[in-house]
Amino acid sequence: MELTVYLAGQIHTNWRKEVQKQAEKKNLPLKFVAPQTNHDRSDQIGEDILGKQPGDIYKDDTASSINNFRTQVLMEKSDVVIALFGEKYKQWNTAMDASAAITMNKPTIIVRPESLVHPLKELSNKANVTVETIDQALDVLAYIFE
Amino acid sequence: MELTVYLAGQIHTNWRKEVQKQAEKKNLPLKFVAPQTNHDRSDQIGEDILGKQPGDIYKDDTASSINNFRTQVLMEKSDVVIALFGEKYKQWNTAMDASAAITMNKPTIIVRPESLVHPLKELSNKANVTVETIDQALDVLAYIFE
Amino acid sequence: MELTVYLAGQIHTNWRKEVQKQAEKKNLPLKFVAPQTNHDRSDQIGEDILGKQPGDIYKDDTASSINNFRTQVLMEKSDVVIALFGEKYKQWNTAMDASAAITMNKPTIIVRPESLVHPLKELSNKANVTVETIDQALDVLAYIFE
Amino acid sequence: MELTVYLAGQIHTNWRKEVQKQAEKKNLPLKFVAPQTNHDRSDQIGEDILGKQPGDIYKDDTASSINNFRTQVLMEKSDVVIALFGEKYKQWNTAMDASAAITMNKPTIIVRPESLVHPLKELSNKANVTVETIDQALDVLAYIFE
Amino acid sequence: MELTVYLAGQIHTNWRKEVQKQAEKKNLPLKFVAPQTNHDRSDQIGEDILGKQPGDIYKDDTASSINNFRTQVLMEKSDVVIALFGEKYKQWNTAMDASAAITMNKPTIIVRPESLVHPLKELSNKANVTVETIDQALDVLAYIFE
Amino acid sequence: MELTVYLAGQIHTNWRKEVQKQAEKKNLPLKFVAPQTNHDRSDQIGEDILGKQPGDIYKDDTASSINNFRTQVLMEKSDVVIALFGEKYKQWNTAMDASAAITMNKPTIIVRPESLVHPLKELSNKANVTVETIDQALDVLAYIFE
Amino acid sequence: MELTVYLAGQIHTNWRKEVQKQAEKKNLPLKFVAPQTNHDRSDQIGEDILGKQPGDIYKDDTASSINNFRTQVLMEKSDVVIALFGEKYKQWNTAMDASAAITMNKPTIIVRPESLVHPLKELSNKANVTVETIDQALDVLAYIFE
Amino acid sequence: MELTVYLAGQIHTNWRKEVQKQAEKKNLPLKFVAPQTNHDRSDQIGEDILGKQPGDIYKDDTASSINNFRTQVLMEKSDVVIALFGEKYKQWNTAMDASAAITMNKPTIIVRPESLVHPLKELSNKANVTVETIDQALDVLAYIFE
């Protein structure tokens, strides 16, 4: 039984590579999908495809429509969602993706540092599992295959 | 036709009163519901009901379970969701509520200042309507009754 | 038992008044809701609320987000949808609303002149009932109360 | 990860071949399905299978039941829908298919020329992404696999 | 708490009156809805509204579209379905309505004579409760209010 | 694209073999599933597995629970349902399966002789396509692959 | 805003009266529904309505079909479920009702003594809120109306 | 056609091995999944991954969140659920899993000894099939493939 895992979360560090590396080390039958992790590409994708827009709000709306399309396709293909929060950035897309996943009954793991316990408490409570490190998230996934 | 409107968003200013006042001025047949807006009560509700917990993470989890229960009951009773974002705070509950509402097909309006256009672009794009002021959100609701 | 009926269709003639008048004549316990029927208002609503946009495509997108919001709120409140097609105009909103209603399992009546039998054949076939006149549509609604 | 794409839209030009050719050029793992693109066959299919009908309206209804059956089977198998509008024809089936797909939460791309921005504004706003050319639609699909 | 009960079943005897009379005698807060019970009207309704059809199969299809529309509206308004089978007639509409109700999770009671135990065994097994008489069906409804 | 087809209907003739043979002749990528077609086994299965029951009604209920289990598993695996009605027998299971399939949005074809047009008119009208012969049903399936 | 609350749980003590009394003392706009709380009636209801059965297993199955019918009608009418576990009895109906409610997204509170923390841990974790006393459950409901 | 079967139930005996052995003997194309059957591991998994908790209630809640995550992933992958009850233990997880499965329309078989007929009567009545032995459950699964 192979599972597809959507990795929601910030795209400023390469934490997804770490997830993948550990999954391989543990020999877990997991396939990972994710939002566009090239930040510039993600911001430019609207104008890259549809051409110059008349201002930032329109550029952003165009990009976001394509990013949302991508997320919707990939999340529907996923069995599990991992949503990682870090200490920097607003990370509203992470919150949006985690909440959408939970509402769609996708089993969801939240990864967040101890410093974010309080502001993320309602979202953590709605998620299936909340952990502090990528290692722990992979341990939870590994537990499915025990 | 009366509509029930869930007012998601921060609880540090009294923007919900402003919404209510304007709805009355416009004579709109709207009933408003909201999360607990007393911040201390919202943080303490777990210990208020279940007694002292062994640390902040447990206190937070207990409080959040009761806050989420309240939100779920009230959101299921609502026809429309307004989610307001301000410039301060992480506001992950606002993002969580807006995303859950959209995923449940509740018609959703996002209110956010221009400064937040970029970080909220994907959520804005998924919402039905995004505006910048409470006035505009009420104009959108008033438009239903024209 | 009162029913709420969403009247989808073009807004260039006052066919909705005709529907309402006949429902009253037949003493049917029906309440009608509809899209914005003031054409100019419907096209301007985006700029009316959100201010001047940088071009027609943006003005249109803003208006349509508010029109769609209105439709979603009202259609979810409706028990039945009547979608009327005339010989003029593209009427893609009528097709969109009828198809959305059918997909959501809202019982749906299509009203269309004989000249449109062929181009509307697939949509007619998916609707519950297809008739040619408003009179006939009201007869179908009256039949519920016999 | 292979995706199945339903290509809704008119059947008078061979735009689907163009889509397929470009997908192959880009090496995208896509499989395409579509309505019957032989126009005569599509109109005759009712009588082809069920025999002579007593008039056009009956011939049309019989054909449309089989066309709708085909569409329902194929759309349920699809991960993504592309709906292309051109300047000619009423294209109500395209609007019907796009609206059904969006209501079923199938990620949907609309392709339409600039001249149709206004009449398609509500449907565009409900779709995930709207573009003007097949090239752009394929760019959006390619973005999923980056 | 008032409940609306859809009374599916044959329209050749006045068993629905019996149900209503007993509900009144027991003072149960029930409201009853039903298919068209005037058999001729039910068969003619298509031609009554849409005019002469070119043969029986077309007359039947037109009538059935309006009968199905009526049933869908009323069943969606119902909290409970009672489906009564008698020894005569094929009663496929009764089986169709009961099966649709069960699939939609409407609590469903089947009333059938002992002679029909065998041919109705699978449908009985899927229904919530199966009884032999109208009296017993009313006893089951009365039990909700104890 | 292979499709799985559930063949609902009476089990007194070997019409399913005919379907299969024609599908092979037409080289259609179809896989067929069906209820238990050994009539005795179908009636006895409850006692075969659970032992002697204290009367026919109990024997029937036990058998039907296992038959319904089988049907539910197989129908959820199916992309399309064909429901065949003949002139003999009450065939309430056929009506039950067809109605359940339609309510679950499984694309459904009804096969019935002309003599059954009238009593099956409402069910026919709800199904996607109604034909008179197995040949025609296979033609409809073949049309998907054109 | 009045809420309907389903009170799942054992019927050997009169804890439901306690709930009701406290709700009145707190002036909460709550309406309560529940399973049959007369234990004998609940066990006999099958034979009371359908007559003598040929053994306990059949008597039990008949009773349970009517009890389940009652629960399904009342739970669908409810906005909130409270499920109370005590130290005696197996209480599988309580577990069944709580799990069904959670799966249907009914906001659910579990009340259980400290001694049952361990055996109920998975169900508690799936419920929205778990408390130890009726007082606390009412406090949670009261919090909705603050 | 291979089916995936979730084996809910107590983890104190190795009944799952028995199921598997019999499925192999009968050559049934079944794949089995299950909750964590190592009891200690199941109780410790929270602390194993997240570290020492401040008391049993917190240890239990952490463990259960990971156990529930596992169950949700595996049950969504399953076509059928078998829930086995024995005479010892409260087995609330078994009741919870069976009820969730039934509510999600997963075809469900309950296995329970005769001594549990009465306390499990409502759950048995909601399940598709109830049997007394593993042998019988396998016979029911085998029946699908006849």
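Chains here go by letter, A, B, C, D, E, F, G and H, matching the order in which they are written, and residues are numbered from 1 within each.
Throughout what follows, a contact is a pair of C-beta atoms (placed from the backbone, for glycine too) under 8 Å apart; a residue touches a chain by one contact, two chains touch by 3 or more.
Just so it is clear, the structure is predicted and the values come from calculations on it, not from any experiment.
Counting shared numbers against all numbers at the contact of subunit B and subunit C, is it over half, same, or under half, different?
Mostly different residues: under half of the interface numbers shared.
I'd like to verify one number: the distance from the centre of subunit A to the centre of subunit G, where each centre is the average of its C-alpha atoms, in whole angstrom.
38
From the C-alpha centre of subunit A to that of subunit E, how far is it in Å?
49
Find the geometric centre of each of subunit C and subunit D from their Cα atoms only, then give the gap between the two centres in Å, rounded to an integer.
Roughly 23 Å separates the two chain centres.
Would you mind listing the residues of subunit G that make contact with two or more other chains?
Answer for subunit G, listing residues that touch two or more other chains: 65, 68.
Who touches whom among the chains?
Chain pairs that touch: A-B, A-C, A-D, A-H, B-C, B-G, B-H, C-D, C-E, D-E, D-F, E-F, E-G, F-G, F-H, G-H.
List the residues on subunit B that touch subunit G in their complex, please.
4, 31, 33, 36, 38, 41, 45, 48-50, 65-66, 68-70, 72-74, 76-77
Along subunit G, where are the residues that touch subunit B in the complex?
1, 3, 79-80, 105, 107, 109, 128-132, 136, 139-140, 143-144, 146
Please output the residues of subunit C touching subunit D within their complex, sorted ascending.
Touch residues, subunit C against subunit D: 56-57, 60-61, 63-65, 67-68, 71, 89-93, 95-100, 102-104, 114, 117-126.
Quick check on the complex: what are the subunit G residues that touch subunit F?
54-55, 58
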